[in-house]
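Structure provided below as structure tokens; questions to follow.
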């Protein structure tokens, strides 16, 4: 049995993995860059190893340093989390060579699914429906123009190595083809070191629906139902929920079977996700497979009742799946909101900084996976995700109401966050009615970007608080400079502890 | 529909109720004593009314002041929480007179069940099994000696108005009868203003098992299965779990039916709890009915999936129960640990004080219901409960492992707590195996009161941290007094930010 | 927008007569009861002296305490309609693409540069019609936080 | 028990040569890496000057920084075996029952008074055989925090 796991990640996912390790009696090893010495994952782990400077390409992406830390610590397995090296075939291979268990799929599966073009070909061979388009990368700008003419506008340009919306461009007009192609290639090269880009027919206003799968090393594969991830901003998921309000039991069953078939075709092992796009008539197409744990995995955990990291570790340990498909069902409804350090009023620009104050929402049906604490400075080098709120309700209505309650009580000072933006999503009629697709944010931007109301009292109260805080600070300074200068006005002010009359 | 609820309570339960109000779109009104101006329930509520000085008999127990606040605020309902006036028949009545909905049972039900002797008589009439004993209060010391001789030692002396272990005494020897009787009477008088005491045969080493019930105003009654509450210290519950490791499906069904019958006999409305004691052969006896929400209600919420406060409010609003018995089932396993400000090393003495630092455990399967925050001073006037950890697992093993993980990560500085004591309970073989009764803590006290180990490194590390903190403080003071006195030793020390060699 | 003068706030029409019960419950966090309504206000000192960022229930404000102990409050968004003369990123990152060159005229809302930082690509736009005075970086450059990237008129 | 002398700690046998990576992450909260093991230590100033209460992973300690910058550490429980000469409650409450009277001799572990405070009844016991010098309260009395209740020898 695995005894010590090195978590090759940081932030909330590192802590989330370590929590499960602790429950399983497994020691956890953190790695950290210069910027992360004070990060919670270092504090939470049993051991911690420094692996390099702050930029991730000098630390969290350096396979050598991570393997080195794993050997020093005597870790017998590595969990890659999501992002960083989680979908890096070389890393999976290297672990294997070193006799360290990689908690994830083989390099072959990663390569096959990581290259979107190969993935498309594999799925077509396994009779999994895919979006119409090319099965070869575009070789030149001329080739692109020709191919896109054949597929027909609108199309999506996609990085073959892509994922998470990077290196992706929608093209609707002919004159945009080349600028978009260049942008997609540049972004793909910057993000993945590979600029192969291919073409898919653009399915307008689709739903993004994904299936969670688990596959052991004995050929058993199960799915843990769907997640609805259509609330996206620039192809980045913002809110996820399960079950999907769109889904019918019949289609769910069918897609689950397709997801299992796709997983088998990938010769997959571990936890993975089959992403589909779906049109309003519930036609669905394979989009890509994520060969790792997803950010949004907790909503599945909540509704199905299974700790996915625990299953990942068991699978890596060579154990058979504990659950059969017929054991599983969806219980109630779960929604996840991602809280980023970002400024919704300023084009969602990342907003790093020091957390001055935080009030986390708690109570019935609330799971909160985060990593920041008061006084922690969110580094400028990594993903600005602060935490994830995962809410359960007995039905979708209750889950939405509870999410609103939790977002309302969630307060962070020091950095700007998307909390109020998320609250507005929960209040938007299209979301409340469950009638939305990936165009949701664009379609509802007037509602979502509307300025928050603050009536006269609210403004006045804020002003009064600032004024009094300022006076208190001023008083402290004065007292320090002239401790004997008894200013009776200030003193009297100080004495009025409670009732302040302005 | 109810639009505004005054919560006639404080601490975690006040916030827990307000959270549900918010989810239902109901405004919440807090009341507070002098000591509670900064308390979280005041901050969380939509409105707040001051109701008197700090001692609860001048504030939270003063019906007049609470009714007054309810009228001023225009609240159309009052939720009493637990403790304080929650089982006060006069309060229920008074609300009714004022046209304010009391979120709880009628005064008749409260009186009937609140007086333990009347409750026994009611249950006997409804063919609910009760513990052998008297159905009349002891009239005199002579009467006591006579009656107890007839019932046979050992016996329990119990306050007729009692609850929560107050006014209760076990008598095993004849010479203890009169001192115990006096103690029980004095405690009962002090706690409830009534010294009526009765006698029950003492069932040695019983299990304490209770059933949650819900009854609407249309005669519908359902039960939400059992809670196992045998981990008790001086008749105070410390850890609760559901399902009970002792229970069989057959006995569960039978007891559920008995609980429903008991609820009907009490002519009950709202959420209530039927407490039973059970011997090792699964014989069970009605102990008492709690005519309010219990501290431990969240474990039922987690396993059955129903928000009990929501149901309480719906029932008070005159609505019919949303669920039928056959809709309900137990899903997984839940455990609650109560975190008190108390000193386990000093006879569990309450430990009020200021919360200097708190790290709350979060993540998968963790619900945390609390009310303190950093800088908050736990008042000396009220119950020292800080928070409740409610853990869910797919089975009992997972729940225990997860509880250990959560307790491990839960840190509070400033007051002493029972966290380490609770961790030891989770590690005690009798608990792990689910083989325990109300004698658990007494039986395992050697394990539970064992000193925590801290090997050489651990001690040294603690010492080093204290030493460095002291030096840093000293440096700050020196710098303030002689800002120009450059002490090179101290400066050099300050510069060595990270690596400190001692 | 609210303006009022320090100690004599009660006499000004703008803030009327507020009788508030105000306590600092945590550092920079105030619990305020006004007409029995419960408000929570969180304050953080702003970048400049005498400025605050304030979170109320629904809003985030920047407030400036004016001289003579008066104050001035503005909604974060409302005054955001002017460009700084230098475009820079608050975080270090990488230039994904420069979309303008020295001397170009750009229209309001047009993107001038795309920066990748904290795993996100951000587009920097101008708010009004502008002329590009200078471009100080190239595609692919690694940049520091607050380093001038583009100078506009 | 650990003792060592201030700056020259490294030279003392008791604390050996600890090469620790120590940072204060929050006020009074230290993250310490020693031999790559991660420790979290929380400190709170004690009631007396130069004393701390420390929470490590499993333990709670009282530590006293001795003069000449040395330190002395004791486990909370270990030194708890002596009685104070005055029995008092840290919280206000009510006397439920006084079980002794002036001049009584009591045995180690015997309860002398029961106090009800914060909704809990607490029994105050003596740790060794003692004589009761004086009893200052009666059953049912309301008491303040730290008010002397019983004087023992």
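We just call them A, B, C and D in the order they show up, numbering each chain from 1.
In this section, contacts are C-beta pairs under 8 Å (C-beta built on N, C-alpha and C of every residue); 3 or more make two chains touch, one makes a residue touch a chain.
As the structure is a computational prediction, the values presented were derived from the model and not from experiment.
> Keeping to the contact definition above, tell me which chains border both chain B and chain C.
Common neighbours, chain B/chain C: A.
> Farthest chain from chain D, going by the mean of C-alpha atoms per chain?
C
> CA centre of chain A versus CA centre of chain B: separation in Å?
Averaging C-alpha atoms per chain gives centres 37 Å apart.
> If you average the CA atoms of chain C and of chain D, how far apart do the two points sit, in angstrom?
50
> Quick check: how many Å separate the C-alpha centres of chain A and chain C?
The computed centroid separation for chain A versus chain C comes out at 27 Å.
> Using the touch definition from the top, which residues of chain C touch two or more other chains?
21, 23, 26-27, 37, 40 - these are the residues of chain C that touch more than one other chain.
> Name the residues of chain A that each touch 2 or more other chains.
37, 44, 373-374, 498
> In the complex formed with chain D, which residues of chain B make contact?
The contact residues of chain B facing chain D are 83, 183, 186-187, 190, 342, 345-350, 352, 356-357, 380-384, 411, 413-414, 416, 420, 451-454, 457-472, 489, 497-502.
> Tell me, which parts of chain D touch chain A in their complex?
21, 23, 25-27, 31, 33, 36-38, 40
> Looking at the complex, which residues from chain D come into contact with chain B?
Listed in rising order, the residues are 2, 4, 6-7, 9-10, 15-24, 26-30, 32, 34, 37, 39-44, 50, 52-61, 63, 65, 69, 71, 73, 75-77, 80, 90-92, 94, 96-97, 116-123, 125, 139-140, 145.
> What does chain B use to touch chain A in their complex?
That would be residues 15-16, 19-20, 22-25, 37, 44, 298, 301, 305-307, 331-332, 359-360, 362-370, 373-374, 394, 398, 401-402, 404-405, 408-409, 498 of chain B.
> How about chain A: which of its residues touch chain D in the complex?
Counting only chain A, the residues touching chain D are 30, 37-38, 42-49, 72-73, 373-376.
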